[in-house]
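Next, two complexes with chain A in common: one pairs it with chain B, the other with chain C.
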Partner chain A sequence: MSEPVTTMESLVSLDYERPLTLATRQYLAAIRDGRLIGHRCPSCERIYTPPKGYCPICTVTTSEADEIELASTGTLVAFSILNPDSLHQGEASVVRGNVKLDGIDVTLTGELTDVTPDEAHVGIRLRAVFADPSALEGALAEWGGAGISGWERSGEPDVPAEELERFETGGVI
Partner chain B sequence: MRDVAVVAFAQSPLVRRQTDFAEPGMIMPVVNDVYEQSGLQRSEIDFVVSGSADYLAGQSFAFIQGLDGIGAWPPISESHVEMDGAWALYEAWMMLQIGHADTALVYGFGTSSSGNLREVLTTQLDPYYLAPTGIDCVATAALQARALLDRTDHTELDMAEVAARSRRSAMDNPHAQVKGEATATELLDEPYWVDPLRRHDCPPITDGAAAVVLVAGDRAKDACERPGWIRGIEHRVEPHYLGTRDLTVSPSTEACGETLGSNDGIEVAELSATFTHQELILRAALGLGDDTDVNPSGGPLAANPLMATGLIRVGEAFDRIRNDGKRRVLAHATSGHCLQQNLVCVLEGD
Partner chain C sequence: MSEPTIPTVTVEMPYVRTLGPVMSRFFTGLRDRQIWANRTEGGTVMCPPFEYDLSGHDATDDWVQLEGSGTVSSWAWIAEPLRNHLLQEPFAWALIRLDGADTDLVHAVRVADKDQMRSGMRVSVRWRDERVGSIRDIECFEPEEA
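On to the complex of A and B.
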C-alpha cells in the first residue's frame, strides 16, 4: 500500500526588477565620485541619506536642488556580532554597526572592516569605505547603505559614550 | 445610516512603468492633491486606509513604505487592505458609518511593472490544484471568454466593440495609457493572443496610484460643491476554485446590484472590466441598459493600475457627478481571477 500523501511541495519563484529612482541614481552617481550626498527637506530641513526624493514628514518632494554633501565619517553608536553559524554568514565572525554620521541625525548600517568582535565598542570613530564603482551596477538601492562597502577606523580617538550626541529628532525618521 | 460622500479624487499619471519614483513618489502628489481639493488639512483627517499588494512590489511590507507618501507623523489612525483601494474605501465608509470617524483618506497604489505580472497573479490561485499548473490570469480569462462565446449569443465582434469604444472614450482621458480610433472590425484583423482573446481584449500593464477623501454629513458640502453621496456600497465573494463557478455569469455582482438598485436610472457606470468579455458579463449582472454610459474614462482597458483600478472607478464616477452634473452613477471593482470578488458602489449628486 502506498504511503498516504500528507504534504506537497509548493515551489514559487518570482523575479522582480525595480527601477532605481531618480534620487537613488543621483546618490549612486555621487558615490561613484567618492562623495556621500543627502537631500535636505526644504520645509523642515531634516536631512535624508540615501535621499528618498521626498520628506515623508512634510510630504514634499526633494530634488537635486536640495542636495547637500555630507561627511563620510561618523561614530559607532550600536553594533552586533554576526557569527558563522548565523544564516548567510561567511567563515569568520564580523561586526556590523550603526554609524551616526557627523553633523546629521542619520545612522547608516554596515560592516566594520577593521574592527574585530573583541574590539567592538560604542564610540569608535569610523569613515566610509566606498565600493568599487564597478560593483555598484544593480545595487540594492533602497536598502540603506548601498554603495558604501563598509566602515574602517578613521584613527581618531574614541568618543566617550556619555558624550555621544543624542538625535534631536528623537529618532522620528 | 449616515450620509457619507466622496468629496475629492485624484489619480497619478498611469504609465507602463514608473521609473523616477518608488511608490511614495506616486502616492504623495495625489494625496496632496485631494487635500487641496477638499480644503482639509492632514490633521483634520480622522482615518486613513490604503489598498495595495506586496506581491506587486516584490517587497514584504511594501505597504508600510507607502505610508511615506502620506505623512504619518505625528501618528495617524491607519489601516490597510491587501486588496484594491475600492475595498479600502469600503472600510473607510464603515468607519464613518459607525461613527469612529467623520473624515477619511483612502488611497490605492501598485507597480504592476516590477515583476512578471502574469506569474505574480498566478499566486492568487489555490496552492493545491490550480497554482501548480502555472495557469495565468490571461489564460483563466480566456477560459471564461470561451465559455461565454460558446454558451451565449455574444461574439468576438461584441468583445472587439467593447475594446474599440473604450479606446475611443480614452482619447478624452489624459490619464489613459491605451487609446485610439480603430474600429471593432479593424481590431478583429489582429491574430489571437491567448485564444479566444486578442491583445485588445486584455488590459495594459500599468503603474499608478489614486486617492479619495470621504466626509460624513453636512461637512461634505464645505469640502466639495457637488459631493458624490454614497447611497450604497456592497461587496460579495464567489468560490475560489474556478471549477465550482459558472464563469459566464457574475452572481456576486448581480446580488450587489439587486441590493443597490443598479438597474434603476444609472447614468454612468465605471466597471472594472479588465477583459472585454467581462464587461458583457457585468452589464448583464447589473441590469445596465443602453442608456447607461459605460466606462467613459476608457476603463481598465485604457489603464489598469492594479490595486488602484477599482478606486479609480469610484473616482471617475464621482467626477461625472462633480464635473458633469450627473445625478446617479455606479462604480464596480473586482479582485481575483475571472471576477471572483466584486464590489459595487452607487453614488448620487444632490
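On to the complex of A and C.
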C-alpha cells in the first residue's frame, strides 16, 4: 500500500466497423464451399484474394467476370518461427509460412498446423485447412488467406530444391 | 449468400508507461485518496502536476495538496459512451478547476441529465472503492451537495 506507483497502463483500443463488400461476401461464400477465389485485374493481371472489387494500382473495378479459382494446395517457400512472448501468441512456438499456390505465382501466409519449428524447411507440400464456417467472421476477410485457418501437410514428397529455384513467387496484393 | 454484416475489428496496444517522479507522486496520491498539485516559481498551481514550469522550463518540486472540490470551466456532453469510457451512462467530459489550482483537470462529471451541466457549477470528487494508482481511481466528479 505504501509503495509508490511507478507505471500506468495506457491501453490503446480501437474498434473498427467495416461493412462487407459484395466481393468479400462472394469470397466468404466460396470459402464455405471449400473453394478459394480471387479476382484477376483485367488491366494488369494482378491477382487479389480476397478480392477487393477493384484494382487500386490500375483504378479499375473488378467483378465476378474477373473471378478465378485458386488452388488450395501449394508449397512452402518461406517461413518464420514465432516464439511466444509475455503478452500473447500462445504458449508454444509456431511456424508461419508463405505458401505458393499450385499453378499460379501467388503466395498466401498462414500458420502451419502440423509442422514443428524443428521440421520447418522450404519445399514442404501443404493444403489449406478451411476455417469452420461459424468462425468466418467478416473480420477475417480483409487479408490474404482469410477463411483459411492454417496449412497442413498434404503428404506428398517435398518439392526438390532445383525446382523451387524456378518458382517465381509474387505476393498477393 | 448470407446477409451483409458489419464486423467489428478491435486493435489493441497494451502500453505500460513509466510515470517518472512527478506523475508517480500524483498517481500514488490518487491511490491514497489524495490530489496533489505542484507550484511553479511564479506561483502557478498546476493540477494535474507538470514535470516542469511551462513558462520558465524549470523543474517543479513545490507540492500542494488539494481538496476534491472545484468548478467546471467547460464541458462536452457524451450521449453515447464508448466501451472504454469511465462511465457507461451519458456523462460530461469536463475541464475542472480544483479549488486552489490555476489549471484544469480533465475528468468525467456524472449528472442525471445534460440540463444539469453548466460552466461554473461546483463539483466534488467521487473516489473509487478499489484504487490502484490510476486516473480511474477517481470514478467521476459529481455536483457538490447544495
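By our rule, the second predicted complex is superposed on the first by the 146 of 173 C-alpha atoms of A that agree within 3 Å, B and C clash if a C-alpha of one lies under 4 Å from a C-alpha of the other, contacts with A are read in each partner's own complex, and residues count from 1 in each chain.
Following the convention adopted for this analysis, contacts are C-beta pairs under 8 Å (C-beta built on N, C-alpha and C of every residue); 3 or more make two chains touch, one makes a residue touch a chain.
Note that the coordinates shown come from a computational prediction; the quantities given were computed from them, not determined experimentally.
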Message: Between chain B and chain C, whom does A:A29 touch in the aligned arrangement: first, second, both, or neither?
response: second
- request: Considering only touches as defined above, state whether A:T7 meets chain B (first), chain C (second), both or neither.
  value: second
Query: Between chain B (first) and chain C (second), which does A:P19 come into contact with in this model arrangement: first, second, both, or neither?
result: both
Message: After the superposition on A, what does A:P160 contact: first (chain B), second (chain C), both or neither?
response: neither
- prompt: Is chain A touched at more residues by chain B or by chain C?
  reply: C
- request: Residue by residue on chain A, keep only those touching chain B in one complex and chain C in the other, then list them.
  value: 8, 10, 12, 14-19, 142
- prompt: Which positions of chain C touch chain A when the two form their complex?
  reply: 1-2, 4-19, 23-25, 27-28, 31, 82-84, 132-135
Query: Once bound in the complex, which stretches of chain A touch chain B?
result: 8, 10, 12, 14-19, 21-22, 52-54, 56-59, 61, 142, 172
For the chain A and chain C complex, residues of the former touching the latter: 4-20, 25-26, 28-29, 87, 137-139, 141-142
Query: Where on chain B does chain A make contact in their complex?
result: 17-22, 24-25, 28-29, 31-32, 42, 55, 57-58, 67-73, 111, 114-116, 119-120, 123, 127-128, 131-132
